[in-house]
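Below are the structure tokens for one structure; questions will follow.
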């Protein structure tokens, strides 16, 4: 959105485009953008940034391609699959978030004696928020470590996070894969943790990064650089001070301050590394989600020149 | 003489068939050309969609009418729920619509609630249905019924209210029983409008079938569509779109046959001779 | 059997009939004549319980009626809107007979007989929209006669048929009515007809309609289209009714309507 | 001006009119009479181009017509259905005048004048459903007259009004017609009326209708409701037309209809 | 269309209040888990609060604008098309396969594809809403056109009016009650689809976006509160449309038998 503005407003000299619409999913991963907005990092770079709330990576990708979004916070699994499917040519302009323990948890009904560990997931119905994304990958990997092979088409059921509790309660599904604040909410309602899906093979797994189209990055190098610089400051702040994140969360989500103070947060990254992206590609290949030989380099945008 | 006549009729029927469906090949050719020129991965050419369609669903054995296992597994439950949902919505919608149209007090007491419900997006109701109806199929049926009942209800209510005064006065004067008034005066007279509603809701039922399978389901056409969508399999998505369109065509054709029978008086009475 | 006491009706602020008083005895045939728009149909609809008169009462066998009286049949002026287009002529005529508790076969037989009587045996399977105006009107008459009501209200029932058919229908109505002891209220524009058919002719004034004449018709013997109409009493009565109606026609002095021609 | 050559029409397999031949000269008033259901309305609708006759041709000024002829007005038998319920009487009458390229003011004035002529000046603002049957019929007549067509087709136009209004409308029609040189085809059930109004009376047989009589009406001087009807020529013609129509009525021998009464 | 007056309004309120009371009681008596589905009173309270929440109001205004535009576009397309298809039988026969093919395609399947056609989110939303709202108006218009009394059309034709005039002066008003029913259906379908497209495709503003955000915090009360306001808007729109119909179609009501 927004008509391209040729002249820059800030002092950074000739941005190709200064008004940006950034798509984010309302989860903790996106905190840096709110921080950057609040602290005026974008303004300093002459950028006028608007947040567009997205439901998920698969839905936001076409918007990026069509130009309704200039950048988005994309989860890597969805992004790699989209790139692989030829749904567009994308660039990761910055890394954002990686998993920490207990970020994403597999839960079951508290009084369900049949499911206690990941090994009990054989043949069970498991709710995830999106098919073919980080959720299915995490659950499949966790189960595999426990010696169980998940039949993706039979066992995974897609549903929005808030509805999973009721589905668990009524027996529509046997297990759910949830993040905060739903972990706390379900625990309160009597669900028990079965496994941390971000342990073992997925420990510290890269979750999300800031994505633009190849076309946009090549046509607007200065804008991209300005965006990267502003974001980098925010990422650093988020990585170093949990309080900053806790303050930002209630502003773009409905996670209240009290919840924000206690939930398990992942790690905010401060730099983009090809090795980390390669790890995502390797894992996806291992689970048959993309063929071997996926070109990670094609996804890498040049890092921002220091100002 | 007789045979020549019937031969002529065959020819005429064949030409009218051609005239009727000319738009199909024309659209297909245009579509193919357009997609081949633009070459967008999101808009594959229809020939490719057809191939995938065939591979997924139509390459089965002749004993299964060429349907593949996956087609049988996917279509069966979905279409079952669709027809069940549509039937329930049709019966409920007509019954409620007649009651609302004829019983003034009832309409006044319930109108706001109904108008309220009508404006609620079904996707937002799914969580509520989840809590109220528990598990799978009942929830899905509830979603379908809730989504498709409105055209029938609104059209029936309006149709029943609009019965010509002359017709009703005749019924009153001759003291028809309530049943006869309903069965032989009100319903036939409102039938054109009721059928408009039923026809609208039939294709809506296909849509709601898909919507109901997007959440909390791991089978059916809706799930299969979601899976294709979330795997960035755009040709697959299009195959589903085509499938829904073809099913819609099919249902509509059957529906029009039924309507032709019930409403033949109407078509003839309204024809300019 | 039927009594109207000070019957009035006002549409919005327009007064259509004004304190009409009328008594009709069991078995009587009363014809109502009056200028166009004087409230005849309004009167009939009030009796049939189709509109709630804004003043006065309708008594039937001494009891005030609310809603449509039992055992009533009506032939509407707008016959085309009172036949159901989704039913054949036979079904239209047979429908009210369901109230009589007849099974389908007997209903069809009775309906067929009635259609035959109005000369439509060949059109029983036709739908209303396949019939000419006069045929539709006759179906409507057949429906009323087949029902054998105690009270029959007819609003210009013979307006759309040729003279001969009209005479035959008049006779048919009188015959059926006498046979079953029906009471008839018949609205007509034809002064001749009113005198020929009626035991009494009631003349309404221009709108708002009130009763300005109530003439008993005393003609000797069974009526007959040719001889009755030649009777001196008939001619005299006809002239009298004609004078009364003419005196009441509104147009003459108000709009200069038709002035040139006379 | 108007010529029908072997005009036939068949509904499905039902033959309604059968090779009707008729010539009507410019300015002539031709009345058509015939038994109910004999195909009079069908004939009229064929001429108006509303149904495509299955056989024969309609020639207007020597040219075959397809569709509705120019400069035509029709008063339909089912007048209540031909008025638009969403328009007042004035608007209904004024609507066709748009074809005449008049602006709103002139249209309203012309419509109002026509309504006045039929005695409905006071009802101009009423909607059709607020009017009595006779009033609706008069609106329909006013609409046709206001349009001042060259050819006017009328299907039992005076059936729903009282005798006096009927006479006035007859005279009005003749007057307006003579003034504008209209040609009129008028269907009626009233033999008296056909002789009084027509320059010629055409008698149709029972269905399928064919022409069985075509009688020129030669009456002296301007017509007048009282004197004309007393003329010996009038009485003789009336009797002749009556005989022709009666001879053609189908019911007598086929269904035993009305046998008892005579 | 019952006439709207004080008494009928009151009855509507009584009916609504009664239902709400029953639901509240059911919730309190434990008919469902109030953790998962809040009490009616809680939700109503939230809905009330939302009306003063500037964040929600901005979203509501955006959705409203989108809805109004979508409804206008729908009417502008569907009514003329319906008139044409209803009056010209060969045209209807020719495009029927296309229409029947397109009608059952769900917007959820189309949204990702429609997104690609627009660089403006609002345009995408309008397209999605129009796509779904079109059909009720179109189908009802076609049926309405067929229901017009042929004699009414013949009358005008006999006066020498062409097909255009007949369409405009007789068919349109004659079919108007049917069309109005279609528009009333379309109005709520458009509400549903504007919100759905916001829910599915996200965006900067919109009630659906607000609900997505509420979802992120597991705030069922806010989600349902916003949903309730959507429904209330539906009541309002319907009431306005019915009032409009009552004014416009007095003739239609007069000819129709009143409800008993």
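Each chain carries a letter (A, B, C, D and E) given by its place in the written order, and its residues are counted from 1.
Convention: a contact is a pair of C-beta atoms (placed from the backbone, for glycine too) under 8 Å apart; a residue touches a chain by one contact, two chains touch by 3 or more.
Because the structure is predicted, anything quoted here is derived from the model rather than measured.
Q: Touching subunit A and subunit B alike: which chains?
A: E
Q: Taking each chain's centre as the mean of its C-alpha atoms, give the chain farthest from subunit D.
A: Max centre-to-centre separation from subunit D belongs to A.
Q: Counting only C-beta pairs in contact, which pair of chains has the most of them?
A: B-E
Q: Compute the distance, rounded to whole Å, between the mean C-alpha positions of subunit C and subunit D.
A: Using C-alpha averages as centres, the distance is 25 Å.
Q: So what's the Cα centroid distance for subunit B and subunit E, whole Å?
A: 18
Q: Which whole number of Å gives the spacing of the CA centres of subunit A and subunit C?
A: 83
Q: Using mean CA coordinates as chain centres, what's the subunit B-subunit D distance in Å?
A: 49
Q: On subunit C, where are the residues touching two or more other chains?
A: Where subunit C meets two or more other chains at a single residue, that happens at 78, 81.
Q: What are the residues of subunit B that contact at least two other chains?
A: Within subunit B, residues 42, 127, 131, 164-165, 167, 169, 214, 229, 266, 272 contact more than one other chain.
Q: Residues of subunit E that contact two or more other chains, please.
A: 33, 36, 112-113, 116, 149, 154, 199-200, 220, 223, 252, 254-255
Q: Quick one: in the complex, what on subunit E touches subunit A?
A: 33, 35-36, 111-113, 115-121, 124, 199-204, 209, 212-220, 222-223
Q: Spell out the part of subunit E that touches subunit B in their complex, as residue ranges.
A: Spelled out, the residues of subunit E in touch with subunit B are 1-2, 7-8, 11-16, 18-19, 32-33, 36-37, 90, 93-98, 100-110, 112-113, 116, 132, 135-136, 139-140, 142-143, 146-150, 153-154, 177-178, 181, 184-185, 188, 191-193, 195-196, 199-200, 208, 211, 220, 223-224, 227, 230-235, 237-239, 252, 254-257, 259-260.
Q: If we count contacts the way the header does, which residues on subunit D are in touch with subunit C in the complex?
A: Checking each residue of subunit D against subunit C gives 11, 33-37, 39-41, 77-78, 80-81, 116-119, 121, 123, 130-135, 138, 155-156, 159-168, 171-172, 175, 189-191, 224-225, 242, 245-246, 249-251, 255, 257-258, 260-262.
Q: What does subunit B use to touch subunit C in their complex?
A: 164-167, 169-170, 172-177, 180, 184-185, 188-189, 191, 265-266, 268-269
Q: Quick one: in the complex, what on subunit B touches subunit A?
A: Residues in contact with subunit A: 41-42, 126-127, 130-131, 134-136, 139, 214-218, 223, 226-227, 229-234.
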